[in-house]
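First subunit A sits with subunit B, and in the next complex the same chain sits with subunit C.
On to the complex of A and B.
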């Protein structure tokens, strides 16, 4: 009751304020409806950069990057960092709005191409004129299905089977190269009373997709994998079932607790020696203490069929721009700068340091781990991105449901694959 | 005196002097601009931010839309898709379970607690406050706390082990058989306190003389509860029912932050399924259709009760 006892004048100003607030909320509603896109307005001299790199280190690195560019003169870049989950759900809204931000952080591959198909992205072919030294794989990844360059890659990272060197030494195992060796290592570690394979599916069920991706590209090859994820295959295909049959061989070695916690805790479990190995991307290092990282090494996902060309997952990050940008020259100039080795080094040095510059001339962090990762990716015959990047964010939940169910009830694999196909068809149809 | 003289004049509407006078006289009936503003400004805000999107939602339910291209009209296609959608059926079933368990247990628990704690005894305030505390927390915070309880070797596991039920331990939130119930518990933990407060307020309003009269007539404690307390709480009941039905159908935050509807849709509610179809699978048309279903369900339950309640009153 005391809340209402404020003096009358106070209450009036409060209510007045409320009215102003109400009126103010109406304004953005109008902003999206008025002003036609690119209505002959002159270059604004400002480029809006929408970033989803919201983790502390990555955000700081982006701020340094933008500050460095703004010193070079030309259009000033304004950085707007948004939490990645919000960014992901809002991106379609950004791109279709009448006055969208200019440049966006995003991922190469199918997830970028889906926006190009809707004709929402700026053709950056002219930016690529200065990017002749980029690898063929990077070029392919950045080209839309219509043949235009729509993406500027700036860095990539890799996935691998990470482990603690000291623990492997203690258990007397060496990194396996083939599937049989891998199973043998699992057996040995389990013999020591440690769950050999760590995983973190609670809250981060997508981590299981790494296993599906790798088994599929090792057994059926990258081209089959990409087609399947693009909706040209069928999840009930016996070739897909073969992936799960193989997976089942190592299911007993998975950490049963992994279903309950997210990958960050699975990382802690690995570092604490409570699990033996962990198939994960290098981003796990963000949530690991620095001193433990010196003891960390990884090995390539074991080879299953030597006849299949070796493919690796190397998710590539970078930028694309909205088709509706007003200051086209300013945006292209900024993108060209982002593609330089110099700009990518600024980012890599200031972020967690496990990302590798997309520009072959860019220097990555000088640790043996990163050098090894870089060598593995450069030696791969084929590069895949990751489940959601090779398909779409919309298909990812269907994989999460299917794969977590398989880990729980491997007997029901036929029904699981049938349900997965039905769910995927709905996504592809939408 | 003058007032009666003015009356016929103003009826002709010719006398300019009558204007201001009439305003004064009919003052209370004429709406002042300030009040109009108070009504219209919120109405306009509401119209733009609530009514218009709601109407759009109904329209989108009849389309297929990915958020990028223009919506494509599909008639009632989304609704017929639901019939054959196994996840929708799970979500509907879970929502029903949720409504019954979460709704039922919070009414029973809240009412029981209110009966226990209604009498002013020493320290009763502490108990009331303790039961009400969970209501103060945001549901997301509640979810985080309970996730820590449920984690492997966490509090729940420890308790089970200490009482010798170690065999029953499972990954509570990751097991499809327990996930939904493991989420209902923290939801109840919060809701019981809320319902208790509603009933406490209701019990305070019951005339003590009624109890005395019943006592004099030789009514037992049970009879007093059954024939005095419960009928007297009819007004509160309709509030509680509305609150519970609405809270059940909009339960989202706690499920989303604990299981995201997983593992593999086993704890999916209509609300979480709506969210994931809209913002993860970007099937906005189908998600709008799910929203319409939720709306219709809520309206049906509440309207049904309200109509009955009003009929009894008149």
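On to the complex of A and C.
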């Protein structure tokens, strides 16, 4: 294990350092606009699309998408795919450079807004004129705090408690709906000698945030959750502590091995029947062998307090454009096209297929799993995204630290929450 | 006898420990995705396939990435060693005023952690209009290598006997001729050792390539390997195969210059 894990974690920490540096370029003093001579002439009719979708299938889907657009005439789009890890750390550098790429793949909500606040994003309100059929939630996610539309959502996915149908049948359990039923299911599975709840936190500690998010929106509701993540709440609030009290009820059912391997290995464990259930986003299906996919199903995170309006996590992906684009009309035309059902279907059909088009008229993959996920999201009273997307990439590490510590030493919850609040305050003040 | 056996057993175990991760990567590179996904990375192989190498080569465009890497590495090595040897020649063989200061100044640059220069370099490269070009990457590598290479070559050239140079001067050779016909041939062991070392350093660099290059098709092989990782899910078998391919040039250089590698470590060790 260590053979590959060691250089990997080295790379991670190194890239993390790079990310900090990338972020530093956002500091106004550093972000001097260096003008490059010789690049002054506006590229006529070319739109540069910087994509972080570097995995084989997603990359191929993007190539098909761009090829389809280029056939429609207008400005030609040039796709440039870079490794997602590089993209994440270099995005601030791209946006602040003198001659930045035009359009970027990225996430909706406060992460996009954090760039809009620094005045780096193109106002795409006119693109939204043709997007009247998009849901209210999508509109809100794409609006900056200054009230401009800065983002064009194209797809979303959902989180759920995934399991193997055959294993649930073998263990004689049915998907629970309420918290009490859920605890009962955990007990039964543990009785068979299987750790009921899988998790993978080594190298991917952010997976634990899904539990925090869901418990918080089930117990305290989505508005409280959003305020807390926006810095208007306090992590030492008794309401936050209630989240962890609930979490402790099921802590004995977590796979003890889950702290040591990343979520991809946790997926293998679930599929091999070494764990019972796994709270994860649909992207995990990419790491499942094809023959196992038909056997996979999910259930909604159990309801804890029926009085709280049901909220679900649906991270939304899409595009934004740099403020410095030269071919503004070409970029807006491209973004308008990306917002159409037709374009989103091209992407969904050619990628791994668990993403759902953001355009309500777009058809998602026809599998029962996707239909069920789509119905769950559409039936939700409130939508949240995910911890980092609802707050910022800077707040995520504070959650990782706090939640990992909680899983290790649940007795120290008061101290952990105090430390978390202190760390979060630093982030919000920065 | 027992001591010798014990020594070999113990050292064999230590070597195995050292080689094990590499062997493990090679084993993974021959496993199919479904095998890795179903049984986990740590399990014994249940499948055997060459398709991982094919997808690393074609889908990840590793061929182009390798070409890019060589387009950067070879000129950068030649240029930095060429410039460093000229500088070292001047500093070592002629009493240039403040030569100690110059040398220390050049070495000082190497003591700075390169990370703090990331933003200045990326802005500067953009300012002069070479952002996102391989030329910028070569320039960065030459600039960063120069100080250290000059320092090492200076130490080596300084110890060459003075009489050889004097004899050449008496025979009518000027500084240029002495450099090319006398000093450079004598410095060959040091140049070979540095060449082999700098080749691996530049070839394996990741930091600078992602700092000055933005386009996927211009990326050298190290960031291209990173590109095999998906946003969430990574095909570790393909990454392992890509890693094995990417290691070939450096291993080839190592095998070819093996004895200089060891020699290189001892340069300047004994005065």
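Heads up, the rule we're going with is that the second predicted complex is superposed on the first by the 387 of 430 C-alpha atoms of A that agree within 3 Å, B and C clash if a C-alpha of one lies under 4 Å from a C-alpha of the other, contacts with A are read in each partner's own complex, and residues count from 1 in each chain.
One rule holds for everything that comes next: a residue touches a chain if its C-beta (ideal position, glycine included) is under 8 Å from a C-beta of that chain, and two chains touch if they have at least 3 such contacts.
Just so you know, these numbers come straight off a predicted model, no measurement behind them.
Q: For A:145 in the superposed arrangement: first (subunit B), second (subunit C), both or neither?
A: neither
Q: In the overlay, answer first, second, both or neither for which of subunit B and subunit C A:427 touches.
A: In the superposition, A:427 contacts subunit B only.
Q: Check whether A:419 is in contact with subunit B, with subunit C, with both or with neither, and answer first, second, both or neither.
A: The first partner, subunit B, only.
Q: With both complexes superposed on chain A, which partner does A:174 reach: first (subunit B), second (subunit C), both or neither?
A: In the superposition, A:174 contacts neither subunit B nor subunit C.
Q: Give the label of whichever partner, subunit B or subunit C, reaches more residues of subunit A.
A: Of subunit B and subunit C, the partner in contact with more residues of subunit A is C.
Q: For A:93, using the defined touch cut-off, is the partner it touches subunit B, subunit C, both, or neither? Pick first, second, both or neither.
A: So A:93 meets both subunit B and subunit C here.
Q: Does the superposition put A:166 against subunit B (first), subunit C (second), both, or neither?
A: Once the two structures are laid over each other on A, A:166 reaches no partner at all.
Q: If you stack the two complexes on chain A, which partner ends up touching A:264: first (subunit B), second (subunit C), both, or neither?
A: A:264 sits against subunit C, while subunit B stays out of touch.
Q: Please work out whether A:289 is in contact with subunit B alone, subunit C alone, both, or neither, and reply first, second, both or neither.
A: After superposing on A, A:289 lies in contact with subunit C but is clear of subunit B.
Q: Considering only touches as defined above, state whether A:245 meets subunit B (first), subunit C (second), both or neither.
A: Neither subunit B nor subunit C is touched by A:245.
Q: For subunit A, which residues belong to both interfaces, subunit B and subunit C?
A: The overlap between the subunit B and subunit C interfaces on subunit A comprises residues 25, 89, 93.
Q: Using the touch rule from the top, collect the residues of subunit C that touch subunit A in their complex.
A: 20-22, 24-25, 28, 33-34, 36-42, 55, 59-60, 115, 118-119, 122-124, 126-129, 131, 206-207, 210, 214-217, 219, 223, 226-236, 238
Q: Hey, which residues of subunit B end up touching subunit A in the complex?
A: 37, 41-42, 44-45, 48-49, 64, 66-69, 81, 86-87, 150-152, 171-176, 260, 262-265, 276, 279-283, 285-286
Q: Could you pull out which subunit A residues touch subunit C in their complex?
A: Listed in rising order, the residues of subunit A that touch subunit C are 1-4, 6, 11, 14, 17-18, 21, 24-25, 30, 32, 34-39, 50, 52-56, 58-59, 80-86, 89-90, 93-94, 97-99, 101, 263-265, 267-269, 271-272, 281, 283-284, 286-292.
Q: Which residues of subunit A touch subunit B in the complex?
A: Those residues of subunit A that touch subunit B are 19, 22-23, 25-26, 29, 89, 92-93, 95-96, 115, 118, 120, 201-203, 205, 256-257, 259-261, 393-394, 396-398, 400-402, 404-405, 408, 419, 423, 426-427, 430.
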